[in-house]
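I've put the structures underneath this note.
Below, chain A partners chain B and then partners chain C, in two separate complexes.
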Partner chain A sequence: MMKTKKHPEFFALPGLGQLALSGARPLIGIFLGLLAGAGLIELSGVNPLAAYAAMLNGAIGSPLAISNVLVSASPLLLTGVGVAIGIKAGLWNIGAEGYMYMGALGAGAVGIVPLPLPPIVHIILALLAGAVVAGLWGLVPAYLRAFKGVNEVVTTIMMNYVAQYFTSWMVHEPQPMAEPGAFFPMSRKLVSSAQLPILMPGSSLHPGFIIGIAACILFYLAIRFTPFGFRTRMLGANPEASRYAGVNVKRQILFVLLIGALMGGVAGAVEVMGLKLRVYQDFVSGAGFEGVAVALLAAGNPLGVIASALFFGVLKAGGAAMSVSTGVGGPMTIVIEALCVIFVIAVGYGERKRLERADKPEKEDEEVIQHVG
Partner chain B sequence: MAQNNDEVAMSMEGITKRFPGVLANDRISLDCRKGEVLGLLGENGAGKTTLMNILYGLYQPDSGEIFINGESVKIESPAKAIQLGIGMVHQHFKLVDTLTALENVILGIPSEHAPVLDLAPARKRLLNLCDEYGFHVDPSTEVWRMPVGKQQWLEILKALYRNARLLVLDEPTAVLTPDEGEQLFRAIRKLTQEGRSVIFISHKLGEVLEITDRITVLRDGHVVGTVPTKEATQLELARMMVGRPVTMERKPRPAVTKKEPVLVMENVNANDDRGLPALRNFNLTVYSGEIVGVAGVDGNGQRELAECITGLRKRTGGSIRIQDRIVDRIMDDPSFVGFIPEDRQKTGLLMDLNVGENLVIKDFWRPMYARGGVLHYNVIRDHARKMIAAYDIRTPSEDVLVRYLSGGNQQKVVVARELNAGPVLVIASQATRGLDLGAVEGVHETLLNERNRGAAVLFISTELQEVMALSDRIIVLFRGEVMGEVDGDGADVSTIGQMMLGKASEVVA
Partner chain C sequence: MSADQIISWLAATLEWGGPLILVSIGEVFAERSGVIDVGIEGIMLCGALVGVAISFLTGNVLLASIGGMFLGFVLGTAFAYLTVTRKTNQVVTGLMFNLAALGGTNLVFALLSATRSHRVTTFPDLFPASFGSIPIIGPVLFKQPVITWIALILPFIAGWVLYHTDWGLNVRAVGDNPKAAATAGLPVIKLKYQAVILSGIFAALGGVALTLGEVGYFASGGLTAGRGFIVLAAVVVGGWDPLKIALACLVFGAADAAQLRMQTGGSIIPYQFLQMLPYLLTLAALAGLVGRTRPPKTWGAPYDPADV
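This part shows the complex of A and B:
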């Protein structure tokens, strides 16, 4: 039986209006998130406007404040872009927490050893060590997903815990990395040649954010303009058609998940080499998961990751100031982060529903084809 | 009417169901008597499954009435249908794979000792039913470990456990071996002896003639007629089923003199997605400059055939060579093999990439497009514009997502990509499915040009009309085997129709 098409040749061309809407979607979500957050602040007895003003002031009110934002954002830029590449390929690589621990261990192991090397070489060695260790770690879920079909969400989450406790064990006393006689489990301090330089005297501004932003731009270009990026987008758009077109789907999945691991490893290495200067037990404390939120907020777009990581940086750095000057609890910033992510996802969901309604005639035709038989 | 009603178990009157763009059921009336097997016969898309889904409460009819034992009923859900004594075995089973047979049977039925789940009485009853009807199913086996034949028994047991008085079996023999088929027929006869009714849906004439008492034939959403099985013949039923007038003229074509074997398949075996044999010792040679049409009822190995040749499906035995190259991996080079896959939206296209990108999904890595590790979008766009002009793809620009094109233009994107490089072998699998007449004509024209150019073309379609219009030779596929071969010139519908239903050519003649 001939299927008749009711709708015209084409419809709803992605014009300027739609483009504006897709750009505005995260902004609408963030606005709603801040609005809901304002309600909660109001409930806790503080004027929300005053609280947000304090937050903004604490984030961009002075060069020092801005440096704090950039420092907070740097691990998020790196983990966020790693997760975002996964989203582009239709994969949920949420092992950033674990990759950060492993990257920190790798960088730490190289960084605590006094090597007769110029700092630039020692730094590069330590960064590489972090990336390689995290990459090897990420090879496990990547291999399992690509070749055995094991769900990457489950393996990466589980391995996060293993990485966390492994790190804890590594920085406890009998292990060679651990600081002898420390009051809290931590590694020995990185030697000065392995520490990242401080860019602004009197602050803790290290070049991590530059590495992060560079990575975001690089991956944006790679996704957009290279065969590798095209394969990644093909995989995310339709795995079956990708296989039909000759894409080595398994290898592509492996690579994409490995990129996430490498980025997470660099994030952990940078955090240790630029800010913490030691590997502490439990030091990541959710930054890896925040990377997932950053990537979601950016809808998987590497350039969007820059904006959303900086936004999270503002909330984190400014939140501390808000807490000090208005008495709103520190955890409130985490609540606001979560609200923003939820609203951005909700707005995106609503938008998709709207598009699906526009698509509907076609959908039902397909249904008929399935059921009429 | 009144004296008639006490023997009519179920009747449907004037059932109409419309989907956007399709009239799936058009004022359908039929009835099924107590102790009767009613055959429901029709091609794919004739409206059989929609009608039965209405009976089972999955769809609501736009108009029309259903009577059970003479009483008008409104079946708003499957729960209501079950309550009315209707049992349904869908073509694609509705079983929970990870639960055991017994757990599947009692799913949705309140426990006798609620809130405690006491399986013992249910197990006893299930085993009794097994004995009674000769289905042997182990209640403790998880469904995923059961062969499909057993799953079929389980579906029927599930309905009987719910005291179904009217059992609907949708293509029940599709997954059964001949022995199991016999077993099913014995069970059906026992059910009818007990006064239950069975609606037997199939497009296989032979078995419908064997098991039913009366046959209702559907075509294009309406009832063509109802005949007592005793008075029916295969030929008459086939005509009722297919019986639309021949609209497609056979295409004129120049003779191609120089012919060389391009595709050579020897003793190819392959399994379907469920691991059941789909191609059995399949042999075929396609020569340059000819179109070989593959006719057959859907699901007789067509998909597996195309996927084996293109390397998308691993064969379990035999060899495939294309111009002496052995097929051992995915044939992703459109300058060698052009493949128009069965489902363009799932396999052939990436709906959320644009037209230009979809035109290069097999080639984008070539130096032409990817110099120095960078994709040259200006070259990709230029290529797209040329293809849009050459293949008359109706799109505002090459940057529009393929999703927004009509079905015919989506297919043109696939055709342009697969045929532009002049492949030696073209495989077109259900290439005109869902297209309007103009687009169908365009695809036929293109394939004929490929043949005249000297390509070997394998044209797989379940639409007999177009196979006959287009092919130089026609082979008929039945249960994964070549049932027969006829010359395209002077091919005769009833001969091919018989072969499609599983009768080898010599038997018919």
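This part shows the complex of A and C:
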């Protein structure tokens, strides 16, 4: 009896218990997701423990394995943080898939041209081109949401497909970017001065994850300590109140959605400049949507994005190793990813917000209230 | 284009448009109740696989349809539980459904490798073969499988249910003003559940129609290829009206059929531009460039009885 009563009482404590619970919720969700995944692995006739051991070994068992995790996490860090800023402002920026395509096209267009430049300049130019092209692309849903009130979720989803098919057209033959006579639609190869350096010989480890982690930290600080971040959180907490407090809500919405587009563009650029070295037709294939999942798992916290992107990186890189050594199909990784997110949002959303609102306002909300008052 | 090509293109328009219409039938009710079921892409994919599997095992397309719709019922209930009861974000939940379905169907299909080399039983044609020899309308209309005809008739029934029955009125009320609906004594949560479950059932049936309409095969790697999202587009372009949505589905089916022909045949217009068409039209419709569209007032927003 005592044992069963202990936990509810602990969680019922107003301060510590709730803190532990809100921190534990994503972990509980992930655990349930992995548990459900274990059930599926068992069903396909493989020992789940052996499979997860193979996955873990394939993710952190060697320096090469760790480099694979970091490479897989790179685009997720960048798209994830862009989506996370949106979540902080109460906006769902689902366009990462499209931003990645446009960023890749921008970087590819600059990267395939042999310019007489030192690599560092060429690389920066290509990254900027990716960000700018994706930013212009993101201007469309951002403008529609900010000034016309059009639901950003649906427009960004629709634009993902437009970007995908536009990219397909750009890398098909009569277009100047396309590789002539290629067996699969792809662009020409990036010239060596536009390729990101490889950090570890024998691996494909490029500096994308450093850019990604730096962006996460930068945006964490911006959200926490700058007026821009304050306005963003205020917009997410209460759009009406921020309007009364004199925030230019339209401009804020525009900026927040544009940040998502820029980060998505950099993600696409980095993926092409560091890993693929060409723009392939359909090459994003869901990585943008995974970025949304990463941001959600982190509940919109840019620092949490680092953790959740690395977790996804472990699943992806480890999953590949798992499928080689145990024969569990590669798609199992995707299923486990999706299950984890579904369990996390099922366990952790909705109710938690209400609890915090009812008991004591979140710290961030308090600030907002003080400023408004 | 020769006359033969035009006839085969029109026939393919119905063939590709039919599954889209079936999926849209359920989706329009879900969206009218305020829930955007983005998971229809994944549910459609599951329906497509289950349809092929049951048809392979039993040779009975009716059983395959029922089996598919039952799975759609289960997945629709799960989606409703997450988005209505747990109030998770509808779009993210839907995207995760799609991700899970993509991986899950690939896994299951690997176990069903026997269906790869075997064309399973497909839906029979509604009319006797002799009708097919009637010039023009014969091959376009009368060589269509029975499921296409069902898809062509259902929008009329759906329109009647939505506008002329109490249940349809209640669903619309729940989507436009759930608080007023609740005050008037309507079971808001229950109605949302019903509408979302309906979207699951019809999404799965659309998937069954996709594989058992003509093809008789499943293929791994996302056989539905974004058709669920085309339906989401059609619902917006069709202004949340079943008949207009069906028309939009047929237009998008025509574009789909045309782009497939262009990919192999070559043309002046790049085929990718036709692939973009549904999405571009949706953007234009939402931006207010073509006509006036008015989404259900709580489109995509969770309902919380405790909110004031």
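Heads up, the rule we're going with is that the second predicted complex is superposed on the first by the 336 of 373 C-alpha atoms of A that agree within 3 Å, B and C clash if a C-alpha of one lies under 4 Å from a C-alpha of the other, contacts with A are read in each partner's own complex, and residues count from 1 in each chain.
Note that in this section a residue touches a chain if its C-beta (ideal position, glycine included) is under 8 Å from a C-beta of that chain, and two chains touch if they have at least 3 such contacts.
Quick caveat: nothing in here was measured; it's all calculated off a predicted structure.
Applying the touch criterion given at the start, work out whether A:Leu139 contacts chain B, chain C, both or neither, answering first, second, both or neither.
A:Leu139: touches no partner chain.
Looking at the overlay, does A:Val162 come into contact with chain B only (first), chain C only (second), both, or neither?
So A:Val162 only meets chain C here.
Contacts for A:Asn238 in the overlay, against chain B (first) and chain C (second): which applies, first, second, both or neither?
In the superposition, A:Asn238 touches chain B alone.
Could you look at A:Leu199 and tell me whether it touches chain B, chain C, both or neither (first, second, both, neither)?
neither
Does the superposition put A:Glu337 against chain B (first), chain C (second), both, or neither?
So A:Glu337 only meets chain C here.
Check the residue A:Pro227 against both partner chains and state whether it touches chain B (first), chain C (second), both, or neither.
In the superposed model, A:Pro227 contacts chain B only, not chain C.
Mind working out whether A:Ala53 is in touch with chain B, chain C, both or neither, as first, second, both or neither?
neither
Looking at the overlay, does A:Ile217 come into contact with chain B only (first), chain C only (second), both, or neither?
A:Ile217 contacts neither chain B nor chain C.
Quick check on my understanding: which residues of chain A belong to both its chain B contact set and its chain C contact set?
Of chain A, no residue contacts chain B in one complex and chain C in the other.
Under the definition above, what is the set of chain C residues touching chain A in their complex?
Those in contact with chain A are residues 36, 38, 82, 86-89, 91-93, 95-100, 102-104, 106-107, 110-111, 226, 229, 232-233, 236, 270, 272-273, 275-276, 278-280, 282-283, 286-288, 295, 299-300, 302, 304, 306.
Within the complex, which stretch of chain B touches chain A?
19-22, 24, 43-50, 53, 59, 91, 220-221, 298, 310, 312, 330, 332-333, 339, 341, 346-353, 357, 361-362, 364-365, 370, 373-375, 377, 394-396, 400-401, 403-409, 433-437
Tell me, which parts of chain A touch chain C in their complex?
These residues of chain A touch chain C: 40, 44, 92, 94, 140, 144, 148, 150-151, 153-155, 157-159, 161-162, 165-166, 168-169, 172, 286, 289-290, 292-293, 296, 329, 331-335, 337-339, 341-342, 345-346, 349-350, 354.
What does chain A use to touch chain B in their complex?
Listed in rising order, the residues are 1-14, 225-227, 229-230, 233-234, 237-238, 240-246, 359-361, 364-365, 367-369, 371-373.
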